[in-house]
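The structures considered in this document are given below.
Both complexes shown next keep chain A, but they swap its partner, so chain B is in the first and chain C is in the second.
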Partner chain A sequence: MSAALRHKLFPYAIAVPFAVVLGFPFLWMAITSLKPEYQVYDPTKVWHFHPTLASYGFLLHHTDYLRWVRNSCLVGLAVVVITLVVAMPAGYALARLAGRVGRTLGVAIFLTYLVPPTLLFLPLSRVVAQYLHLSDRLWSLIVVYPSFTIPFAIWLLMGFFKTIPQELEDAALIDGCSRIGALVRIVFPISLPGILTVVIFTFSLVVNEFVYAITFISSSSNRTVPVGVPTDLIRGDLYNWPGIMAAILIPSIPLALVYNAFLNRFIAGFTGGAFR
Partner chain B sequence: MRFAQAAGGRTRFRYALERRGVLAALLISPAVLFIGVLVGVPLVLAVYLSFTDATAGSLTGKWLGFDNFSNALHDQVFREALWHTFLFTVISQAIVIVVAGLLAHALVRSFRGRWLIRFVILLPWAAPIALTAIGFLWFYDPQASIFTWILEHVHLASKDNPPNWLGTPRAAMSSIITVQAWRTVPFATVIFLAGVSSIPQEVDDAAAMDGATGLRKFWHVSLPLQLPIALVAVLFGIVFTATDMVVPYILTNGGPFNSTQVLTTWAFQTGINAGNIGEGAAIALFMLPLLAVVVVGMLFFARRAEVT
Partner chain C sequence: MGQETDGPVASSDRLTRRELLRKAGAGAVAIGVAGTAVPYSFAGPLRYKGRDLKGDLTIIQWVHFVPAYDEWFDKTWCPQWGQKNDVQVNVEHINNTLLDTRAAAEVAAQSGHDLFFNLHPMASYEDQVINHASIVHEIESKVGKYGELGRLSTYNPKTKKYFAVSDNYVPDPVVWRHDLWNDIGESPATWDHVRKAAPKLKAKGHPIGIGQSQEVDSNMALMAFLMCFGGFIQDEHNRPTLYSKHTVEAVQFMTDIYKRGEDSTIFGWNPASNNNYLYAGTASLILNAISATRTPESLNLPFSDELWIWPIPAGPHGRIGLEHVMGCYNIWKFSKNKENAEKFLADLCINYKAATTASQLYNFPSFPGAFPFAGIRKAAAADSHKPHGKYSILTTIAQRYTHNIGYPGTTNAAMDEVFSKYLIPQMFARVSQGKATANESVRDTMSVVKNIYAKWRKRGKI
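Moving on, here comes the complex of A and B:
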């Protein structure tokens, strides 16, 4: 084999096998979700079966699934708004105004993102129940989730704001704009792609969250998707596997598409936060 | 200045807003306040609770001193949980480093179909892990596991004695480690990829001119340059593996016979299921030393990355 050909084939030789391993579970989920429920355990029907959308129908019409989707979206949107309102000014100030102190503070805020929910959920479960009286309400999640979305968002936004040329703001200041005015009229509009990236990844952090959601919420109608599916789609010991597979795929595919679209911006913000 | 004083508070406030320090403090304080209340206060509470016999339904209890900690350390299940946490984290992340390193070097080239391959590789990261973990519950099903089916067809498993993926201690540990590695690979890959792509073409050319090729070039030129960013991704993987409970909680819930019990699932079972909040908090606090080590590492590499 010539060296040029080897050079050309190298990425395929590495990437294709790993992509198959990483992607296969989703293929198998999709196949299972299309099987009639009585055929999932049949060893002769592993690949040959009559595809049906019955499980999707069951999931959407006879379970609380759509309600969990709605709950996840509601909490996600509320948390995104809170996160942006708090993190955008802070991210800008840390990137531009605060200098050396700002850099240290920026790293400190980011480190709080590493403090895991598994360390805080025990005291927070009591605070939510006793002081906030929010047990089993979506509000408990809306209040607590910004504790990890804000540090994460500040980190990304710092990275984005640093890439905006200082001259643009200086020009606005010379033209008589106040600093806040320059921020709202120049900096935020230019950073729109970065802000959109933060919106998407914040939303997905919320949709992913499991520990707080399983601790704070106790009734089926208030659950979010990642907690509702493992706790309520199982009736006794009976697993409706095709329905569960459908429930996994429905949120995963759109999330993967937006991840793919915003990935490069995410990387730019993530690695640019304090390293540049 | 005189004008500002005469014009009263409103204008003075506006002038203050034009000063960098004042404006910066004003813009940052809501974030600091939010994080202080929602991370700082619970953290202090967790430390306080770990010294008490608080149970479900209260935030106070009798002061016990270090009893919860010494009880935990003398408990066989806890000791095993510490060891399992270590195994779960180190093995899964070692796999991740190798796979993500290879993938990053393949994906940095441009080739036909790269978009599709990148999309597929991102899937395990983009999909909510609590959901995909249930998917694996089905793939590991004792009667209808697709993995068993595949292994039987390539004659690596026999029909009479199929692998019991989640049913025996050793198999269960390997199974949850596999899922954790599977879900962490995409993130590590994209960050490694950023590290590889950040090496300027001139450096590559200069290395080639000096006669460095293949492994030598990788070891002396490419690796040191991409290391700081890659290490941050690795530290992330370690933290989010050692402190997360989703995969073991859903797949095995610590079983069989506590053989996959990790710190987080054990803290959950003690604190929430058994209602011993104080003891649960003490168990969870054993994560702090690990976090401290990782934080120091991150600060160190973040500074290195800034220099290069």
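Moving on, here comes the complex of A and C:
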């Protein structure tokens, strides 16, 4: 084998095993979603089976699946907007706060992200029910989710804003921009990869969240996908595996496409604060 | 291709692919956004059209494993009861594993459903619920005495309070593959038979399927197993008695069964794992409710006719089983519609024959007079699945071998905590995994159990 060929094949030798390992769950989901339920348990029918769309039909006609998807999207988008509105100015301010205060504040804010929902859902359920009166309403999720998306977004954006030279803003100010104008016209456009990262990350985090959603929402029509699937597709001991796989596969395809479309910017967003 | 990553052509190719994906992604997002615009995303539950009912009643319960039961409950029983009593009944179902979390959240918020159903008696919430005595008395006046199992599970003799009302319980038989056991000339009549058969069955690729994980099926199976060996978590006066030679012997025995005839997956099981193990044709024996046989029947699995159900195997101390699940309704003190909840619960228990039938004999009435055993036996005998009459044994299991959690004492707050923290499966698993000797594991667990009992005794609940 020539050196050129080896050089050509080397990236594939690394990437292909990863791709197979990472892609296999999706393949498995797709296969299982097309199996009749009685063949899911049959070890002789792993690859040879009669494909059917029955699980998709069940999902669409016998559950509130489409409504769960809508609910997830609605909550996700609302939380993304709230997170950006709060985290962008906060991240910028902390990035420009020179010295120990900025760093300490940044770390302190990030630490709040590390408090798990399993510790917070009980006290928060009192807040949601008694003070906000938002039990079983999607607004409860829209209000609570920013408590963990904002800290992470601030921390992420802070690192990103730090990579933007102060001189650019100074130049804008000299040219007559206000501080806000410099932010909107200079800093934010340059920070687009970081902002996109926050958008994708926040949206993914929200549509995957389970503990708060199961705690604050009880009616089927107000559920999000992560709660609706295990609740309505698992009957006691009986798992509707084809239905579950179909329910997971459907939203993961557009999410995978979005990730792929913005992959370079996503990586730039995450590593923005790492290389200065 | 790959080596041209810096070239203009490759760059152009990559942009084209990105462009395609971007458009596809944007399209998907657009569909999602459009979907969110539907206004009824925030809508509440539907009310009866053209009818303005005076009262409300909210109920939360598990997603029953028999779809027909939920169908009957949601679409027949509740609407009919609602119409009759002028009450709007809203039922919400959640996965059974999430009920405890939900209960904790409702108590923390002091707000929630009027009727809260769980699959085990929530004795530790005694201070959060009303005394259900009047409901019990109302039901007893119509259908006769509360079953002993229900009373021991929901009544606190110390505080003289009914902290729940059990509408049903589910017998817990051993489910075994007759064909596989027959091949080796054995049957699971006693635990000794199980131990002897275990290596032979495992060698044929069909291990025993008794879990040692932090989940309800492992909990029930191992607690019942303990009792068959004379090991009891508490005595009839609700005093902890776990640390005994019988318990140590039982733990050692189960370790032996594990080593001879199980595999390590049992330490990570969830409540459905033993079922799936059976449905996949792997397990030769599990302890489970009849969901384990009903599902293969409904899916027409090739071995469904070979699934036999028997009472729990006998141990040195006899054949002592537990209920598989104990359906209990609770009315919170903060419930907004207590009267409706009380009446609903009483009416449900009084008319439980329809519920038992709708559940395909999964739910047995906790008030036996609502559907006497003779009637259940007749219904079971009429079941057409093979081997014919296999479900008839359920009534024998229910009458003779089904006991409450905490037997020979009552189900109480301390017992509830021991149960909810899965201390017994952990005690077994530590030994099976070689992390402790049987004596050490039982002794350590006993010290935790003692602390739990001391705490609840201090609070005046036992």
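General remarks:
Everything below uses one rule, namely that the second predicted complex is superposed on the first by the 219 of 276 C-alpha atoms of A that agree within 3 Å, B and C clash if a C-alpha of one lies under 4 Å from a C-alpha of the other, contacts with A are read in each partner's own complex, and residues count from 1 in each chain.
Note that in this section a residue touches a chain if its C-beta (ideal position, glycine included) is under 8 Å from a C-beta of that chain, and two chains touch if they have at least 3 such contacts.
Keep in mind the model is a prediction, meaning the values are calculated, not measured.
Touch criterion met: A:219 reaches chain C, while chain B stays clear of it. Looking at the shared chain after the overlay, A:32 reaches chain B, while chain C stays out of its contact range. Comparing chain B with chain C, more residues of chain A are touched by B. Within the superposed three-chain model, A:252 lies in touch with chain B and out of touch with chain C [touch as defined at top]. Applying the stated contact rule after C-alpha superposition, one finds that A:171 touches neither chain B nor chain C. Of the two partner chains, chain B and chain C are each touched by A:123. In the superposed model, A:16 makes contact with chain B only, not with chain C. When the two structures are aligned on the shared chain, A:239 is found in touch with chain B and with chain C.
After overlaying the two complexes on the shared chain, residue contacts for A:192 are found with neither chain B nor chain C. Shared-chain residue A:53: touches no atom of chain B or chain C.
Overlaid on A, the two complexes show chain B and chain C touching the same residues of chain A, namely 8, 11-12, 41, 43, 121-123, 125-126, 130, 211, 215, 230, 239, 258, 260. For chain C in complex with chain A, the touching residues are 1-3, 18, 21-22, 24-26, 28-29, 31-33, 35-36, 38, 40-45, 60, 62-67, 90, 92-96, 98, 101-102, 104-106, 108-113, 271-272, 275-276, 279-281, 288-289, 291-292, 295, 299-302.
On the side of chain B, the complex with chain A involves touching residues 14, 17-18, 20-21, 23-24, 27-28, 30-32, 34-35, 38-39, 41-43, 45-46, 49, 58-59, 99, 102-103, 105-107, 109, 111, 114, 117-139, 143-144, 146, 149, 182, 185-186, 190-191, 193-195, 198, 228-229, 232, 239-240, 243-246, 249-250, 263-264, 267-268, 271-272, 277, 280-281, 284-285, 287-288, 291, 294-295, 298-299, 302, 305-306. Against chain B, in their complex, chain A makes its touches with residues 8, 10-16, 18-19, 21-23, 25-26, 28-29, 32, 40-41, 43, 46, 85-87, 89-90, 92-94, 97-98, 102, 105, 107, 109, 111-112, 114-116, 118-127, 130, 143-144, 146-147, 150-151, 154, 178-180, 204, 207-208, 210-211, 215, 225-227, 229-230, 239, 241, 244-245, 247-248, 251-252, 255-256, 258-260, 263, 266-267, 270-271, 274-276.
Taken together, the chain A residues at the contact with chain C in this complex read 4, 7-8, 11-12, 37-38, 41-43, 66-67, 69-71, 73-74, 77, 121-123, 125-126, 128-130, 135-139, 211, 214-216, 218-222, 230-232, 234-239, 253-254, 257-258, 260-262.
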